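Chains: A, B and C, in written order; residue numbering restarts at 1 for each.
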Amino acid sequence: MTVSPSAEPDAVDTQRVRDASAIALRNLHKRFGRDAVALDGVDLDIHAGEFFTLLGPSGCGKTTLLRILAGLEAPNEGSLTIGGKDVTTTPPHLRSVNTVFQSYALFPHLSVHDNIAFGLRMKGVAAAERERRVQEIADFIKLGALMERRVNQLSGGQRQRVALARALVCEPDVLLLDEPLSALDAGLRNQLQVELQRTQKRLGMTFVFVTHDQEEAMVMSDRIAVLDGGVIQQVGPPQTVYEHPINAFVARFMGHVNLFEIDSVSGDRVTTALGQLRLEQPLAEHERHGMLLIRQEVIELGPEVPEGYNALEGVVRERLYRGSRVEYRLEVDGVVLLATASNLGQRLHAVGDRVTVSICPEDIVRLDA
Amino acid sequence: MRRGAFHRGLTLFWWVVMAFLYLPLAVIVFYSFNAANSSAYFAGFSLRWYDKLIHNDQLLSALSNTLVLGIASSTLALGIGTLIGYGMYRHRARKLGWLIVLIYLPIVMPDIVFGISEMAFFISIDRQFGILGPSLLTMIIAHVTFQIPFVALIVYSRFVGLDPTLFEAAKDLYASPFQRARFFLLPTLKPSLIAAFFLSFTLSVDDFVISFFNAGPENATLPIYIWGAIRRGVSPEINAIATLMIGAVLIAALLSLMFNRHKQH
Amino acid sequence: MSKPESPYPLAAHSRSLSPDTRHLLWSVAPGVIWIVVFLVLPSLYLIGVAFMTNGPYGQPQMPLTLDAFSQLAGFGFLGWSPGNLYTLLRSLWQTLLATGLVILVAYPLAYRISISREKWRALMLLAVVVPSWTNQVIRAFGWMNLLSPGTPLAELAQFFGLIGPNMGLYPSNFAVTLGLIYNFLPFMVLPLYAAFEKLDYALVEAARDLYASPLRAFWLAVFPQTLPGLLAGTVLVSIPAFGMYVVPELLGGGRAMMLGNLVASQFAGGSNWPLGAAGALIMLLATFGGLFAMRRIGKRLSGGEEVVI
């Protein structure tokens, strides 16, 4: 596919993209030394043209997985196919995969222009064609004025752009991004998140993105895989992973705090430390152990309880005012419950206030411990 | 105000030490332009000793020996040392203690022991097999031996200062092993290689002891020639040749200063 | 060479080595072989010579003996004479004296550089180092010019009655000490400057804040921080000073001889290789003993962290 900023993005030959860039990982194992297990049986399909994110804490195996995709690390077991072709043992320089490294890894001895042209030069692309493509990508990423600069004269955001251009100009089947925004300050990061996502959509290229920041993952991705201990915990679109985490680890990693162990079940009533809660429908036999998740933002505080809601009595112990929203730390039956309310101009509750907590049965999610 | 006095005292001390460091060199330069055949009094400005230098065949051959020795040994050491520096970096995760000890050996060994052990060794080989008698060859071998560690350490420290993902970026951007050496390693190393070559060359020209014990009668270098001249009785000619060598050092210092300034901008 | 885990040389086992190990060997082999053949073997040979008998024409021969060492201790055909022992002790003394004096000069000098404006520091360091880039024979010759009879320095010394009339300040032990200081000053200034540049002035201010006098503040807050630099400098100065050859040869004369001159004379004029080799062995032992001791001290100072020398 050709990068063409002026032409409509739909010009991309989607069929060819689909064929060339779907990724299939089968039973991948990776150990470092004798004991350190980085990946412990990973099975994963990444669709062509997808913005796919590997999310997890440091040491979860996400970077190892990315390095295996790049060919910088070889798995001990298992196979990797890209576009139906087995590339498990193909060295990195023979794979149509490019990486935007966390440190950007721009060559200090080359100018911005020569950094971007490096991959094409190595592939033996003729000079005229090379020049055309470098120019094209420079326009696309808006690098015009920087082309003759040295790498050490660039700011962090500019380096990130150059690294992206250097990888994109090669028109790989798959682009890998290893926490490329983690070194930037918050404002710039938000801006580049949007830019990156737009770029991916316009090109229709498969992006595999690694991050430990769940908000970043949700903003950008079509689908997210949450990893822990070298094992994939859950794969799904951001909304699914956030609203229906499969287990306590995923829930906590997505930022949830209100998790309560199931003590006993009778019909659609479940008893936890918080007291008795009514669920949308009775739990199936195999679901009777595990935990309940009540997301902070679904909790309503107010004197009146809507029809059919669970009602609990609590006391405000702490209030964090965050401008657009207000966070309350409540104590219900001696248990801590966190609630977030949008700041819609209503009267705020004060520390020490007794409040009625109402929770819609639909919003209570059961998950594995 | 006591602090001010202390500071002024330090500054004064600085200039006293500067005088101590440069006076011996300045005296040589001064007397090299002396019309008289003595270092005891100054009889007017003259270039006669420089004129004598140009017509001194022994001295010119010493100069050419010095250059041949310096260039040949530095070139060899650059190749061998760069490989070691690269190997040390690539495998720095391993236990390379034995290699580090070996690398530091030529640096820490007193040069008199260095020179004499090689002389004794080469002479014994020569007695047994009729090769490696004292000659320019043995001098080159000896010089390469003490230059290798410096080259290796310069190259190694350059590598250590690099972002390790650069190596991976080169692979990722379709560079084959040969292309990585040609388009990434060599250009990245170039400034260090130049620095290593010049350091090796300087070490070679500076060395007296090791050359002295491994030289044959035909292979006197400039320092050996000067040594001999001093031993035979001081001649103002030595002042002239020494002045030229001091001048070369000052030019090198100036270049290094300019190079560093340039690098900062 | 073999890799440390495997006791076998590579030749016989290269087929079974991992590609990684083969890569390592391929890259370091030329240098390793070079240093082993042209430095380790010659040194071992020299150590061997120290235990051999001196032949009639100065060549070492069998049988193995400790004669060279007893000669070094002063026992000769004519009974015992203290000459060689004096030389050994003089080498030690000169090394200690020169190292101590170099520290006294280098310490304030390095401090003065470190408090200069940033743009001057590189130039000042260069100014200290440049003289040592000139050949050491030339440097010694410069001092010969300065110290010979009739020069202002020599006349000054005569005026104060330090030397007799028509004498120079060289050859003498004094000239040797001076030459050693001159040679090795930069080796002390550089590591000390590095230590001063890293100095954490917050500690000094804390000490002053806690009512320490300037002297006590220096002793408690500054000196300990410069100790690693001082140690590195001491290694860099004392080890080559102990083996110095050129300076005592040119500035010292017979009664200021150091171990290096004794060793060299056995190979050049004297032709008693075993005696010279025995002296060289002493020098090697002193070198490695000194390095080892400094490493131990350095490790203790930095709490187990290694001091890079």
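The rule is simple: a contact is a pair of C-beta atoms (placed from the backbone, for glycine too) under 8 Å apart; a residue touches a chain by one contact, two chains touch by 3 or more.
Computed from a prediction, not measured in an experiment: that's the story for all the values here.
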Overall pattern in which the protein chains touch one another (line/ring/star/complete/other): line
By mean Cα position, the chain sitting nearest the middle: B
Of all other chains, the one whose Cα centre sits farthest from chain A: C
Intercentroid distance (Cα basis), chain B paired with chain A, Å: 56
Cα-centroid distance, chain B relative to chain C, in whole angstrom: 18
Centre distance in Å when chain A and chain C are each reduced to the mean of their C-alpha atoms: 60
For chain B, residues contacting two or more additional chains: none
Chain B - residues contacting chain A, complex: 162-163, 165-166, 168-176, 179, 183-184, 187-188, 190
In the complex with chain B, residue positions of chain A that touch it: 70-72, 91-94, 97-99, 101-103, 105-110, 118-119, 121-123, 166-167, 170
In the complex, chain C residues that touch chain B: 1, 3-4, 20, 23-24, 26-28, 30-32, 34-36, 38-43, 45-46, 49, 59, 105, 108-109, 111-112, 115, 122-124, 126-128, 130-131, 133-139, 141-146, 148, 150-151, 182, 185, 239-240, 242-246, 250, 260, 263-264, 267, 273, 276-277, 280, 283-284, 287-288, 291
Chain C partner contacts - residues on chain B that touch it in the complex: 7, 10-11, 13-14, 17-18, 20-25, 27-28, 31, 39-40, 79-81, 83-84, 86-88, 90-91, 94-95, 97-99, 102-103, 105-106, 108-114, 116-122, 124, 127, 141-142, 144-145, 148, 152, 202, 205-206, 208-209, 213, 222-223, 226-227, 230, 234, 238-239, 242, 245-246, 249-250, 252-253, 256-257, 260
